[in-house]
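Naming follows writing order (A, B, C, D and E), and every chain is counted from residue 1.
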Amino acid sequence: MDSTIQEKIISIIKEKFEGDILSIETPYNFLTINLKQDNIIEIIRYLYNHPEAKFQYLTTVCGIHYPDVKQIAIMYQLHSLTNNWRVRLKIYLPEENPVVPTLTTVFAGANWMERETYDFFGVKFTGHPDLRRILNVEDMIIHPLRKEYPLEDQTREDKKDFMFGR
Amino acid sequence: MQSLSGRSKVVVKKEMTLAERMYLPAILGGVMITLRHFFKRKTTIKYPEKKREFSAIWRGHHVLKRDEKGAERCTACGLCAVSCPAEAITMTSGERKKGEEHLYREEKYAVTYEINMLRCIFCGLCEEACPKEAIFLTDRLVSTDYGRDGFIYGKDKLVEPVDKRIDVTKRQTPAVLEFKKHKEFSHNK
Amino acid sequence: MSTFLIYKLALVLAVFGITLLVAMYSTYLERKVAAFMQDRVGPDRAGPFGILQPLADGVKMFMKEEIIPNVSNKFLFIVGPCIAMITAIMAGVVIPWGNTITIGGETYTLQIADINIGILYVFGVVSIGVYGIMIGGWASNNKYSLLGAIRASAQMISYELAMGLSIIALIMLTGTLSLREIALMQGGGVGSDWNMWNVVYQPVGFLMFIICAFAECNRMPFDLPESETELVGGYHTEYSSMKLGFYLFAEYINMFTSSALMATLYFGGFNFPFQNDLGLDPNLVTILGTVAFFLKIGFFIFFFMWVRWTLPRFRYDQLMNLGWKILIPLAIANVAITGLVKILVK
Amino acid sequence: MQATQTQNTDIKLVEKPEGYEGAGFFATSLDKVVGMARKNSIWPLPFATSCCGIEFMATMGAHYDLARFGSERLSFSPRQADLLMVMGTIAKKMGPVLRQVYEQMAEPRWVLSVGACACSGGIFDTYSVLQGIDRIIPVDVYVPGCPPRPEQIIDGIMKIQHLVETESLRRRDSPEYKAMLNKYGIE
Amino acid sequence: MASTDILNTPSDVEKGYSTLNLGPTHPATHGIFQNVLTMDGEVIVKSEPTIGYIHRAFEKLAERRPFYQITPITDRMNYCSSPINNIGWHMTVEKLIGADIPKRVQYLRVIIMELARISDHLICNTVIGVDTGALTGFVYLFQFRELIYEIYEEICGARLTTNIGRIGGFERDFSPKAWAKIDKFLKEYPDALKEFEKLVMRNRIFMDRTIGAGPISAERALSYSFSGPNLRAAGVDYDVRVMNPYSSYEDFDFIVPVGTNGDTYDRFMVRQEEMWQSLSIIRQAIEKLPEGPHHAEVPEFYLPPKQEVYNNMEALIYHFKIVMGETDVPKGEVYHCVEGGNGELGFYLISDGGRTPFRLHLRRPCFIYYQAYPEMIQGTNISDAILTMSSMNVIAGELDA
């Protein structure tokens, strides 16, 4: 995606939500906009309805845990199919109590993506119709993709930890 | 919605012709196909009696190679264990003692070398990681068994017998095979 | 009188045994046919060519643990498969397996009972068979079974109608309900007396009959009551061991019976072409006729399997559509046309 | 012939006279016949959850043809199955389901654990994966590989056949067997 | 097959609704999903899907494995077409490290990926047949899947979970035997595919079963973030190969088949046509295939040749570094997507310069579109629900991560 298009997308967002932009990066030529968390849904809806941008396809939603800064980022990746533009929006939530409004009001497909994010990171999406664990068992108490939790199954017997440097 | 690719084509035709509506022509066509197959030669390979040809580079049962003189090549560097995504390989290394030169090629060798065959996913990464031409996967199959204890293969099952060498030359690149002919390299001595 | 009794008893036993044997080997045949149509070889490790496969299955099923679910109605759970099995076997009584044999001046008919309403009898008995499925499915107290049972009963009712109607046209032609008489009427065939098989006069009727026979036997493409991928096992989901065996067996026996019925009604029964022109001993002709009859049955059984391994299955509502909206009107039209033609020919 | 024989002996087994018990003497011929029969009529329940399930499809396909072993009749209802083939990863969420299926099966029942995931968890040494199904149900034969070649699956089935053939008819009533099940907390 | 009554609310009971538990071990769920259906007779009123029955924590696992060890994990995602996952992952890492991939490698990858696409669609379409009861077509076409397996086997040494290729290219060039097998496949497969089409495609029973079963409109499909054949069946011709060409897909001429209203028949036909297109792409790739090396020059990631390792100290050190995962990886975020068997398969990789990814998020098309399933089957009956599921080609491994 060349830089004129990127600037165009940025200007479209700046038109209405300039105050929400924290920073803009383009790692590997992929427009990434870091945003404040407050208006995220309005911004996405605005991009959805914008007559030129038409970001009407939600590619994916995921969480990222940054233990150093004690934050959990939510990444929304949007795709404007008619223009073939892609944009990545990121917001940062505190680690202890991450809360963000749900995107299911804009995209029906956000439902399970948010449930997965809840399951993995414990992010609470307010207004979500059915915020339960999706992949893990219901009675699990941890949110396993946070960095502090171990990957391994602790009950296995055929591997000895000292051999693998754990 | 407008076309995104500019080369789309609708491939579905849902209206049925009269003949298709009547069921029978299509059914007749179908039964003729199955009847033709009824008399065709069968593709089945009767397994235990006849074996299907494996590719020369099939990733099956591991082997720990010996060199030409019969000494074990493995030097217990641990690269295979590190590269194993399933963490199925464990080993302990030991120093070669005097008088064991005919047994072990390098000064260090694997005292125990175990592969947990139930964990192993036969990805071939250990073979790639080995810098000493010691471990290879072969086109043999790991056999099934009744209990789970027998599946931790130690050196007894992994090291090739001196008198029954396992040929792995087909897995090696032509460049390596060419290189192996040159005795001036220390690796080939 | 006593010889008569002994003879009948022997015949009953023979028919019973043959039915079971044929049903047993139908399972083997089915597996082989399926395999061959799919470029495979099928069972070949139990005995030579896998010929002992059905025995193995039978013994295994006998020795398998019986499970009667706690939540089921135990009495009905057992009664279900029994009804299915008994009715399936009973239908064979009126089938004329062959013409008469004369031994020592006495004439024996190769039929257990020549009831003059043979066709009606078959219909009656077969429609009881569905109760076996229904009862079993209901008694299992499993929703998949129940769905299967409901499907089975709905399917039976709708297709029995079409089947009955398709036969009425045939009966109008023959003027009798006795299977033996119908078979005898088609005697001769190509040869001295030109009595064609009924299929020539009633091709549409035959087509409908065979479709309905598929439906009655719960065979593909009408195997909705079991439909493995939808209802797991349908009505027999909860059954294990020999009770399951009874259900599976009943299906094959039904297949055998309906093949026999089709052969009798439309394909000349125990008659074969040129039978009266060869100048053979009548007894020999009878025996050959029986052999011909079984060959015809064999072909139909093969046909059943052939179609099964070719076609996809209907959906429930489509099945009903086919039954009520296509087959029944067609059958009525067939009756009307047959009647018209009959009047005109007269 | 065989069938009638077994039926007869079956009846005898029920009314077996006292003093003629003992594994070696009386039941051997019956054991043999039943073993032979069972061996050739193993109806598997394919508990296929992932990759190995696709290899199982290949085993059912024309090249390998599991039907040759009399095992092409899949019973998806556990009541009718003889062999539980666990193919693929069993997550901890799936564990209770697997166990329930095992409990629903009618005796005699065997379990074939196909593939690294089912046998030991394989590459997935993670918080959500059961590290081997033998933690919740008894396993008779293990088939290594990820996924195993169809040849190996067939080998596994033949191993099962061998077990089936040599099993005494009384094994399932024996206290040892009950104790084994109790160890897994079944029944 | 125990049935649960957990969802029967009193009002449902009053209306005469019943609950049916479809799964997790139901024969038609191909893997394991549970759907608790509320039924009015055989008509589905609502359904409640439960997934996660083979959740294997791919994303967490990837955080603990060096880059090259993640390939075997991706194998097990969509195991019907694992080479696409493998190569997608390689391309993601190559994007991260900025490797320049030779044309020959790109073309070889196209060949492999299209073979994988055929094998994926082949399973899906024949399984629709199996679920309607026609097992035979499945067995016919599966013989050709075996041929594809043989090709894989010649190239990488495994049948299903291939671990094909390496970061930077292929572990070895295609052998003459592999080429011969590809030729054989290209020669024999079209006839078999035609035969399969004759067997089911215009058979009224099959058409009646599939037309109108589980439809979804283009808008809903987009709202649910559908991709791949399922989206195309609804009439939107979004194909990553065309929109964001990777691995030189822009060099090939192929059409993007679309359907009309996204029902099962549409999905079937779109997949069917895609197989034909894949065959044509493979032919084009073989025709245009340039000469050259089978891997890129990325000494930090692609293992040096073995004879060097055996003999040359520098190569040995590199070898050690790569295997230990201690080569320098740039920091950064990269998203790469490929057109997998089921749609846009995306890899969102964050690297902090360490030995392993800091975070790897997998955009798994199955996971995303399976959530539309309750909506698609509402008001249909159970037979349609099963066909819809198999025609959506939900792969449990991909769904549950």
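Here, a residue touches a chain if its C-beta (ideal position, glycine included) is under 8 Å from a C-beta of that chain, and two chains touch if they have at least 3 such contacts.
Everything numeric in this text was worked out from a predicted model, so none of it was measured.
Q: Hey, how far apart are chain B and chain E in touch steps, shortest way?
A: Tracing touching chains, the least step count from chain B to chain E comes to 1.
Q: What shortest step count links chain B and chain D in the network of chain contacts?
A: Steps on the shortest route: 1.
Q: With chain centres set to the mean of the C-alpha atoms, which chain is at the far end from chain B?
A: Most remote chain from chain B, centroid-wise, comes out as C.
Q: Going by CA means, which chain is nearest the middle of everything shown?
A: E
Q: Based on mean C-alpha positions, I'd like to know which chain lies farthest from chain A.
A: C
Q: What are the two chains with the most C-beta pairs touching?
A: If you count contacting C-beta pairs, the leading pair is B-E.
Q: What whole-Å value do you get for the distance between chain A and chain D if each is reduced to the mean of its CA atoms?
A: Roughly 46 Å, centre to centre.
Q: CA centre of chain A versus CA centre of chain C: separation in Å?
A: 63
Q: Using mean C-alpha positions as chain centres, tell me how far chain A is from chain B in Å, no decimals.
A: Each chain reduced to its C-alpha mean, chain A and chain B end up 40 Å apart.
Q: Go ahead and note the Å separation of the Cα centroids belonging to chain A and chain E.
A: 24
Q: Which residues of chain B are in contact with two or more other chains?
A: Only 4, 27, 30, 33-34, 37, 42-44, 46, 85-87, 116, 118-119, 121-123 qualify.
Q: Tell me, which residues of chain E touch at least two other chains?
A: Touching at least two other chains: 1, 26-27, 52, 55, 57, 60-61, 72-73, 136, 139-140, 143, 161, 199-200, 203, 205, 236, 238, 243, 400.
Q: By the touch rule stated above, which residues of chain D touch at least two different other chains?
A: 61-63, 65, 68, 74, 76-77, 93, 120-121, 123, 125-129, 146, 149
Q: Okay, what are all the chain pairs that touch?
A: A-B, A-D, A-E, B-C, B-D, B-E, C-D, C-E, D-E
Q: Note which residues of chain B are touching chain A in the complex, please.
A: Listed in rising order, the residues are 2, 4, 81, 87, 90, 116, 118-119, 152.
Q: Which bits of chain D are touching chain A when the two form their complex?
A: Touching chain A: residues 92-93, 120-121, 125-129, 131 of chain D.
Q: Which part of chain E faces chain D closely enough to touch in the complex?
A: It is residues 1-2, 24-27, 30-32, 52-57, 60-61, 72-73, 75-76, 79-80, 123, 139-140, 142-143, 145-146, 149, 159-161, 396-397, 400 of chain E that touch chain D.
Q: List the residues on chain C that touch chain B in their complex, please.
A: Touch residues, chain C against chain B: 33, 36-41, 44, 306-307, 309-311.
Q: Which positions of chain E touch chain B when the two form their complex?
A: 65, 68-73, 136, 140, 143, 150, 153-154, 156-158, 161, 163, 171-172, 177, 195, 198-200, 202-205, 207, 211, 218, 232, 235-239, 242-243, 254-260, 265-266, 269-270, 272-273, 303, 305-307, 309-311, 316, 319-320, 323-325
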